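Sharing a structure here in structure tokens format.
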Amino acid sequence: MYTEKIVNRQLFFFLFIQRTTIVISFLPALTSAEALQDAWIAGVLALLPSAAMILFIGKLAIIFPDKSIVQYSQELVGPLLGKFLSLFYLFMFLLMAATDLRIYAEVIKTGFMPETPIVVVMGIMMLAAVIVVYAGLEPLGRCVDVIFSLFVIMLLGSLFFSLMHADFRNLQPVLSKGWSPVIMGAITPTIISAQYTNMVMIVPSVDEPQKSLRAALWSILFSSLALVLFCVVVVSVLGADEGARAAFPVFKMIRSTRISEFLERVEALTILAWGLGLFITASVNLYSGSKGLSQLLGLKDNRPLILPMSVIWVAFGIQIYKDYFEVKQFFRPEMVAPVVFFIVLFPVTVLWVAYLLKRPGIKQSRR
Amino acid sequence: MSSVFTLLKKLSFPFPGKKKKNGNKNKKEKTGQPVDSRDISQREADFKKTALVADVEQNLHRIIEISGNSYDLCIRRCLAGPEEVPCAIVFIDGLVKKDVIDDLLRVVKIDTFKTGIKGVHKQEIYKTLKRRLIPNALEEARDMETLYNGISLGETALLFDGTAKAILCETRGWITRSITEPDAETTIRGPREGFVENIRTNTSLIRRRIRSPNLWMENLHVGSLTRTEVAYAYIKGLVGEEILEELRSRLERIDIDGVLESGYIEEYIRDTPFSLFPTVFRTERPDRVAAAILEGRVAIFTNGTPFVLILPGDFSMFVQAPDDYYEVWPIGSFIRFLRTLAFLVSLFLPGIYVAVLNFHPELLPTTLLLTIQSAREGVPFPVVAEILLMEITFEVLREAGVRMPRAIGSAISIVGALILGEAAFRAGIVSPGVVIIVAFTAIASFSSPSFSLAIAGRLIRFLIIFLGAAFGLLGVQFGFLVLLVHLASMRSFGYPYLAPYGPFIWQDMKDALVRGFWWQMTRRPKLLGFREPLRQRSGQMPRPPRKGDQRGKNDRKGK
Amino acid sequence: MRIVRTENSPFAAVLSLILIFMILSLPTGCWDRHEPDVLGIITMAAFDIDRDSGLLRVGVQLANPLAGGTAQKQQGGGVSDRSPIWVVEATGHTVFEAVKNLELLSTRKLLWTHIETMLFSEELAKRGIRPVLDFVDRERQVRLIARPFVVQGDINRLLEAEFPLEQFGGSALIKQFLSIQLELSVVPEVDSMRVLFHHLAMPGLELILPRAVVLEKENNPPKSSKINPVLISGAAVFRGERLVGFLDNKETTGYLWVTGNARRAPLVLKCPGSEDELLTVEVFESKTELRPEIKGDKVRFKLFVRAEGRIQDFACPELPVEEAFINSLNRRMAAVIRNEIEMSLEKARELGADVFGLGNIIYRMKPQEWERLEGKWKEIFPEVMVDIEVEAIIRRPGLIVEPVKIR
């Protein structure tokens, strides 16, 4: 059977776009709510723990380059426990895709189309994701190649337009309230790196899996750069207070820019970048989820699962959060940190322990 | 009455079989007349089975029987040699050169009497003529099929009494259109040659451009009745063997009665047959074909049409025009970029217009929105209906313009531009904004160098309008994404359709959205020319002579 | 390269799905769809307090699509007799209630996305603008690129006024504001609601807005008016959300010197030597530095202003090209600038509003000190000493050096 292969560049794009999408939607608000004008420092601080988390998750995936987590967890801790542990991950994909979709729908509903039902917005995006996942991982990789440049150009464009109004004095005073709010502000961006768990499903399809970890680390570096840039620009354009007050700061920022009497109202750029990013996020998660589930159920093909799964995911995205406030609440450090730490890090820790105990045996069996 | 009966019978037995044959026999016996009512496939099969015999008259009789003594079939009987061996010349009038036929007759009638030539007796005359006397003898036919194939290509068959074979002589020569610049693909700068309907002329145009012996051309016949010559050309050792293998198998699979245009072939061999987007490129320009072959692609020539197919065809090929390569690179890059943009505009502009005006008026600058709004006052339709009305009007207009005889073509433009555009706008049926949008979209779609890509855009545009009218920019974005996924999932003979954008290939970007310098294009397209990536020596940028430069020294000496 | 015959075409498989989806959604969909001809586009909004009831009053000026535009010109051929603008007013307990009440009187759905100008009446500003601001920041249709003005005089007259050269009041005010900002330096640089919100939230900085003065209504009807109905000059000073007073032109220029935003300020000087004659210098470049010095509760600021100018008119008898004379010109110019700065400082002290953002400078540069001072800044600010040092240089005389000679 023909196996689909992507390259590390595409993996890099996947991860970068995924993280940056959520950064530009929500994150400056989250960090600056705690850290105000020092939000960018929080962004920088988040880099190291995120990288550590990625190493922790990704290294295990690299050790089994041709197996997904569903497969190697069964090898490490036995079929029953292994299946149980990989369920955590499948739930994580569901949670991430549903949350991202919901945020996007909230933005559209708040800022663009207040009367359109949320299920329509989420349904349209999910349908696009269904189509590409149905086509397979390779077309998804080609899509991300095209989308990445558009995405970056649009983001740079919106940054550039906003910079016209930037007043960098708003970033002063630096660290006026000490380190603790900054560290609190760094927690959520770190937690968002849980999105990199997609690696555990995609690495088996990568051409050179040994270099995947490097791609992931580069992507966390660049997406952290994007986070810092956006923090700086949002704070210097809107001010720390307005940035913290706004429901969607980047959106608010780009809406209130005016380059000239004619060149104004450029937020379509950001919203489009956002939509493209969400498309990639939703489809990567849908791919990972359906692939994982098909392996869990022992199916040869993940295609039959895609459509029913997507319907369930949209419904989940609508049901899990009652309103905007719950979405925002979910991203508060004290809410999101325990949930994600448990779902993401607990299974990997178990697997690491099992691996370290079993290692000699596995090496022999490989030879 | 009986004819009605046969008609019914034919209808009930669409495929000829044994039963039918028996029926025919019965008929013959009943009427007593040789009414030949075999069906076409039966006739073809019978014809192929027929072999030549040693008797000229019998052979000729069979030829007449098979071809129904067609009006353009010419048979000249004569006697050859001292023994006056009966022989015949068979050819089809209009396909041959008359003077070559005269030469041939002279050889048969006169040269066989020349002294010193041996073996002009009944048994040997055939061999002698074939070996010695006829300069343009091609091959010999032992059966009717070969013979008829030959004469239908303009060859002449020579039949001799006593030999169950025929000599086929090269006497081709018919009137073809001269080589002119193709109307549909004009350039400002570049060769003025275009393909014609004759396959030999077409292949020669390529051979004249690529003189390497490694330019290989293979051929086959497609079509059970038309027996159209189809040839494919490629550079051996450069093109991927998998592509060739795949092409051969796809071509051989074709089972059709007739091929009148390369479009027939295209539909049989293309990937993703349901897609609106063309995956096989077609052109009338030999320079484009040569360029494609040099990249490692394959060209398919079809007899009877000037349109040559090139495969694999990818998206960026369809927005390239030959001028890009002949003009200086900045303008080449600029117009190519503009063309890609124009294609996107022709797809999305009306949809975006509808979406923005209906859903997101906040995206328009104040003055623009006010102008559009006040221009729209009193227009009785919603924006979607208005734009659909104008788009459909324009599509009809365009079709009428193509179908009209050229003499009244200008009338169409007057009716279209003045009466429909100006009057509809003055009467307040449509607003000027919509007229501008539709006109600009149309111009953008005309700017596409490939008609087959533009027509894909024409249909998709309507889908985007619907999406934009239903969901605003969200719908347009959805349309874009589905389109992107569709394009990204397509391959043409294994070559990704969106390359080099997706998969992103940096080294090929020099010839995608922009056109790099010629001396910069040191590598062939990565996925096509992978057998030998290097195309030319690098570092050929022209520089002023430096010290120690041989060329520079000579220049100075010359001074 | 791999040869794949035809990949799993998602198109064929999912196409039917999309079609069903679209067919289902077309009749039920189109939730946010509005044809342009049901929209009334607001270009200017005015917030006021109703004198009789004390309720909030919102007035909006809409662009009349039947008046302007190409269609009218094409059909009518001449200038339409319809007014280019249309005004709706309504009152309510809250801004949003008033905004919704506007629809009672309007034939069209009001579109707030294209507001160019926001006007606050003097009465409202004195009572506090917070109830209006929250609506402005929260409502999705309103954009923060609108420009705020405080209107002194009859706000309704401004709302209904027609400008001789412009179509709509909204854009007319902006054009007037921009040209004044470019040519005169007598309006504060707050040019959008975004800056307004920013200033309100910043610690140690009071809001200052440009002032629009409505000229007294003459007896002739507004239709034939050939006079611009509004004058933009000076600034409205807030303390918190409340208006406390106005700066006149000179004081505003002084304010701009301190904040470093004076662009083109004309300065009238007396001629050295002959005190009856006057000359005018136009500043074309300026630079401001402001440094705090804190000793306990005593705060001092060092203000350094450097201005470069050119002579624009010169009615003095002669212009000797010698250092002493030019220096005396420079000194006079510096004195005028210093005078303007002192006037504005004095006014600000009097109003008790730190419009210069002196506290904000402390907040940025010395956040620890600010934490200590923040509570008592109201008391400290009037006592703050500012050491002004002005360096004024006249760089060039224009096209002629010597003044015009008359026998």
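In order of appearance the chains are A, B and C, and numbering begins at 1 in each one.
Just so we're on the same page, a contact is a pair of C-beta atoms (placed from the backbone, for glycine too) under 8 Å apart; a residue touches a chain by one contact, two chains touch by 3 or more.
None of the values given here were measured: they were computed from a predicted structure.
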{"item": "Most centrally placed chain - per-chain CA mean versus overall CA mean", "value": "A"}
{"item": "Longest centre-to-centre distance from subunit C, chain (CA-based)", "value": "B"}
{"item": "Chain pair with the higher count of C-beta pairs in contact (A-B, B-C)", "value": "B-C"}
{"item": "Gap in Å, rounded to a whole number, between the CA centres of subunit C and subunit A", "value": "41"}
{"item": "Subunit B-subunit C separation of Cα centroids, rounded to whole Å", "value": "66"}
{"item": "Between subunit B and subunit A, distance of the C-alpha-averaged centres to the nearest whole Å", "value": "48"}
{"item": "Residues of subunit C engaged with two or more neighbouring chains", "value": "2, 4, 7-10, 18, 25, 29, 32, 143"}
{"item": "Subunit A: positions in contact with at least two other chains", "value": "112-113, 116, 120, 127, 131-132, 135-136, 139, 264-265"}
{"item": "Interface hub residues of subunit B, defined as touching at least two other chains", "value": "359, 362, 471-472, 482, 485, 489"}
{"item": "Footprint of subunit B on subunit C - complex, ascending", "value": "1-12, 18, 22, 25-26, 29-30, 32-37, 39, 41, 43, 63, 65-72, 74-75, 111, 113-114, 116, 141, 143, 170-171"}
{"item": "Residues of subunit C touching subunit A in the complex", "value": "2, 4, 7-10, 13-14, 17-18, 21, 25, 29, 31-32, 137, 140, 143-145, 192-194, 197-198, 201-202, 363-368"}
{"item": "Partner subunit C, residues of subunit A touching it in the complex", "value": "2, 110-117, 120, 123, 127, 130-132, 134-136, 138-139, 165, 169-170, 172-173, 176, 237-242, 245, 252, 255-258, 264-265, 303"}
{"item": "Contacting residues of subunit B [partner subunit C, same complex]", "value": "240, 242-243, 245-246, 271-275, 357-359, 361-362, 366-367, 369-379, 382-383, 425-426, 428, 431-432, 466-467, 469-472, 482, 485-486, 489-491, 493-495, 527, 530"}
{"item": "Contacting residues of subunit B [partner subunit A, same complex]", "value": "359-360, 362-365, 471-475, 477-478, 481-482, 484-485, 488-489, 496, 498, 501-504"}
